[in-house]
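Labels run A, B, C, D and E following the written order; every chain starts at residue 1.
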C-alpha cells in the first residue's frame, strides 16, 4: 500500500484531528493533532492492512514558528512506510528556557519510543506526557538547557569539569578555586559566545579567486570570526 | 498454622539480605566502550538492570546543523566507527535524495563493494570481542589479522585506515583499479578458509555453545516493538534485510545473496548464539556479494559530474526533508535531514541501529547471571559512538 | 635434608637444633629462590606461548634475546610501584591476605621429591599434605576479596570459595586412584614404584581417566582457564585482586604460577613416572649423575603439563559459574569415584591393560 | 533415555570440540609464523594515497583561503600580506589537535599547492606542540624583498645600488629538500590519477 | 621522605638504582583496558597481532586501574565521562602515565567548536605525558608515542613527578 492508501485507511478509521496528506514532500506525511496521536499510532500498529510493527524514529525539529515532531513508521509485512507529524506552534517569545512543547507519549504503543522520546526531551526539551521514565538520557542529569535548540547557550563548566578550550586544567587550580557554575547564569549572555550561525560562516558562497586575479584583491576575503 | 507462620516469618526476618547493586562500566572490559549498566544482583543472578548511556555523547546532531552537507561526511564516520563506509553511504544517499541526484552506476558498484568489505571488518570485531567477553582471547587476534587485511585494502583506495570519508555525496572519492580488485578477491579466498577455522575454534566449541545458547532470548515481538534491526532482528526469525527488500543500491538488486536468519540451532530462537551465528554467516554472504561486484562492475565515472563543484561551493539542497535507511552491519541506519535551503540542514537526525538494539537490554538481563549479562551485551554488538552520537 | 644437616655439622660444627634450623633456612631459601625464578620464567613462557598461538611475537625488546628479561623488568616495576590500601578496606586483612595465599601454595613444595634425595621433608603423607596445605590458599583469597571492600572482589572471592571447595572432591578422589595402586601416600614411593613397574598412566584405562580428571580439576584449583572465574577479567574486572597493586598483587601472580607448577608436578610424579626416564633404568646410577638428570627429567615433564595448561587457556572460552559447579558435581565427581572403584576391582583381579 | 544420551553426548562433544580447538591453536603455534611488523625496526608500506601530514608548495600558494573554508573543523590558519603579486607570509599552520585528515582541503585548491604526505608520526610531550607550520620560509623571500625595495625606490626616483646575489638564500637547503619532497608527491599524484 | 620528594643526592649508588628502576618501569608498562571511542579500535589494533605492543612488554592490559601503569585515553571525553576518567586516574598507583590518543583528547579535535558537551583535551582533567594527535592515529603513531614515553620514563629520576608537580597534585587531590 502506498502513502495515499494508508492515509485513506487512516481517514476511514474515524479518528478526529487527522490532516491532509502532504504529497509534495519526498516522503509524504500526514499531520495529526497532538490529541489524536496515540489513537493514530495504535490504529496504524493494529490494523492488519497497515501493520506498522516498527517505530523507526521520533524526531523533533525546531523551526522558526514551531517544533515539529515526525514519527517514521514502517511495516515489515507489507514493505511500506509512513510518516506522521505533530506540530507544536511556538508561543510568543518562547525560547528554550521557557517553552517546552507537550505531546502525548507513544511509549505505551511502541517500546521503541521510550528511548527516542527521552532523547528528544534531553536534546530539544519536548515534554512527552505520560512517558514512563522522563529522565535525560544522553546528557548528565545536572545539565541545564536543551542543546539542540537554536538559542542554546554553551556552558563553560559542568560541575567542575571545564568545557572551554582555554580553561585551566583541573589539577592546576588553586586551593581556593570555586566552580563558576554556582553563580546564576546571566540571562541572554552566554558564557561562551555561541558560534556564528551557519549563513555567516566563511564557507558560505566562498568563491575561488581566478588564477590570474590580482592577489591584492584576495586579501579581503580573509577569514571572519 | 499461626505458629508455623510466625516461625517462617521469624526465620525470614533473621536472615539479613541485601540487594547488591553492581555497577558495570563505563570502564569495564566487556561493555564495548563506555556503556554503563547498573545491575541489581541477588547472588550471581541479576534481578534488575538499568542502562545508562551518554558517556560518548559528541553532539553530532548539533554539528550537523552547523556544518555544510559535505563537511558532515567525516562526522558520520565517527558515529559507527567500525563501519564508517556504511555510514558515509547512508549520509551520501540522504544528501542525494535531497538534491535529486543519483550516483553514477560505477560509483554504486564501488559503494556496494566497499560497504560489504567494511561489513566484514565490522563483524570481525564483533566476533573477536565476543570471544574476549567469553574468556577466549585467541579469536580476537585471528579476527584482527583478517581485519587488518581489509583495512589495508580500504586504505589503498581511500587513504585512511579506519575513518575513510570515501563515499561522498555524488559518488566515491577515488576510482578503483583492477589490481586492487584482484587483491580483494585474493583476500576473499583466504578469508573463506579462515572462516572455517573460526568455527572450529569458537563457534562449535562446547563451552561456547553452553555459554551462549538459551541465553538472552529476544522474541520476535519484543524485537519488533523495540525497533531492533539488523542481525539482532534477523536472529529472532524475521527475514528482513533492506539490501534485499528495499535495494538502495543497484548491485543489491542484481547480486545473489542469502539473508541468514536465526534458526535456534542450539537452543531457543533468538538467543545469543543465534545472533552470533547470523553475523558469522553474513560475513560469508558479504564475500559472495563482493565476488559478484568484482565480476560485474561496469566502467564509467566514479563521481557525478555536477557534484564535483561541492568541494568549492557548498551544496544547497532545496527546502524539504529526506529520510533514508541503509542496512548497516548493526542494523538500519537512518538519516532524517530537514533542509530549509541553506548551506546546512536545520535538523540532522540519526537513527542509530545500536541505540535501538541497546534499548532492549534492560528487558533481556533480569533473571540471567552475571556471566550471561556480558554475553548478552556482547551479542547485541553495540558501538557506543553510535548509541550516543 | 639429612645430608644438609650432616654437611653443616662438618663444615661449621653446628649441631642439634641449630643445624636443623640452618638446614631449614637453606632449604626454604632455595625453594623460595626457585619459585621466584620459576615464576618469572613461567610468566615469560606464558607470554611467548600465547603470542605464538596468536601469530604474534610476544616480548622481544626487553633484555635483548626474545625479551628474556621481561619478567625481571615486571618484577622490578612491581617492586617499586606504589602500594595502595583503599581507605575503606580492612587494612590488616588486606595486608595479610597475599601472604596467606602464597604460603599455602609454597608449603606444598616442601614434600616434593625433585630427584633422588632432593627433597626437604620426605613425609609419609606427602600427597595428603599437598592437598591439605593448598586449601589454605582459598582462605587467603576470601580474606583478600572481603577485605578489599569492593563488590567485584567479593564476587571473585565467593566464586573462588565455591569453586575450589567443590573441586577439592574430584581432585582428592582422583589422587586416591594411583595411591590405591601404589599403596602409599609418600611421593617418593611413586617414583620407586614407577621405576620398578611402569608409568601409572599405562596401568589401566581408569588411571588414565583419573589423570584426566585430576588435570581438569587441578585447573579449577589453580584458577586457570576455562575455570578462571574468580578473576574473570571480562566479568569481574580482576576478581578478588581488583584492589591490589604493586608487590601485593605480584604475590597473587606468584601464587597462580606456583600452584600451576604444583599441579603439573603432581601429574608428572603420580602418573608420568616422576623423575624416571622412560625405558631407562636409572636406579643403578651414581647419585651424582642421577640427581641432575632426575631434576631435568621431572622439570621437563612438569613444563610440558604447564604448557598444556597454557595451551588450554588460550583456546577455550570461560565457563559460567553454575556450569563450573555442574561440571564438577555432575561429571568429575561421579567419574572420579567410578575410576576409584574400577581400579580397586581391576587390581583385585590383577588385570593388565597394556603389555607392560 | 534422552537425559542419559545428553549426558554422554555432552562429555563427548566437550572433549572432541576442545580437542579440535586445541588443534587449531596448535597449528597456529607450530606452523603459522608471526605476522608481526616490528614497528620501529620495520614498517608497513604506507599506500601512496595515504592521508597523512600536509605539505605546502609555498611558491604556488595564492592565499585564497579556500582550504581553510573547506575545512570542517577550522584547523587551518592562514595569514599573509599582499604586495601586488608578492605575498608576505606570516602564518600557514595546521592545528593537528583538530585536524581529522578528511582531505577536504585538497580538492578546492585552485593552484593545487597543498598536498598530503604519508608521514604520520606526531607524538609529542608538548600540549601546544601539535600545530605544524607549513611555511618553509616566513615573510618574504630575499629576491621578493629586493624586488619590492627596488619598486619602492623606483617610485621615489632613486637609483638602486645593484646588490643582487650578494647573499645566498639561507633557506637554500631546506628549499631543495622541499622541492625534492614535492616532486616525489607529484610523482605519486600522477600515479594516483 | 627523600624518595617521595625527590631530594636524594645524586651519586653512583642512586644513579645505578635509578637506572635499574627506570629500566624496569619503561620495560613493563602495563596499560589499562580502557576504550572510549574510535581510537580504542586502533588501540586494540596495536595490541593485536600485526603490531603487537607486547614486544615492548606493554601487552598485559589490566582491567583494573590499581595494577596498570599507563592509561591511554582513546577517544572523546565528554562532561559525563570526564569525572570517570579523573577517578580512574586517581585510582591508579604511582608511577602512572597518561597518553592522550587522538585529536579529541589532545585538544578537542573535530568537536572543539560545536561540541557543547566535550572536554577540549583531556589535559584539562588529568596531567598528560604524551600527546598522540591524529584522527585516529595510525597504530604506528601510537606506538611511536609509547616509545617516546619509554624514553621519557627511562630518563627520569626515582619519582617521575618533579617536586612542584607533586605539590600541585597534592593540593588538588589531597593525597599522593
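Here is the rule we go by: contacts are C-beta pairs under 8 Å (C-beta built on N, C-alpha and C of every residue); 3 or more make two chains touch, one makes a residue touch a chain.
The structure displayed is predicted, hence computed values, not measured ones.
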Common contacts of chain B and chain E? A, C, D
Taking each chain's centre as the mean of its CA atoms, the one lying farthest from the centre of chain C is chain A
Per the C-alpha centroid definition, the whole-Å distance linking chain B and chain C comes out as 44
On a C-alpha centroid basis, what's the spacing between chain A and chain B, in Å? 24
Once you find the CA centre of chain A and the CA centre of chain C, what distance in Å lies between them? 62
Counting only Cα atoms for the centres, state how far chain C is from chain D in Å. 55
Send over the residues of chain A in touch with two or more other chains. 139-140, 147, 195, 203, 206, 208
Do you know which chain C residues sit against two or more other chains? 51, 53-57, 60, 233, 237, 314-316
I need the residues of chain E touching at least two other chains; which ones are they? 33, 48-50, 52, 55, 63, 80, 107-108, 110, 112-114, 116-118, 121, 123, 135, 138
Could you list, by residue number, the parts of chain B that touch chain C in their complex? 20, 22-23, 28-30, 44, 131-138, 141-142, 145, 201-202, 205, 207-208, 210-211, 369-372, 374
What residues of chain B sit close enough to touch chain D in their complex? 67, 70-75, 138, 142, 145, 152, 155-160, 163, 165, 173-174, 197, 200-202, 204-207, 311-312
Sort out for me which residues of chain C touch chain E in the complex. 47, 51, 54-63, 67, 69-70, 72-84, 233, 237-238, 241-246, 249
For the complex, give me every residue of chain D touching chain C. 7, 10-11, 18, 21-22, 24-26, 28-29, 32-36, 38
List the residues on chain D that touch chain B in their complex, please. 10, 13-14, 17-18, 20-21, 23-25, 28, 35, 44, 47, 49-51, 66, 70, 72, 100-104, 107-108, 116, 192
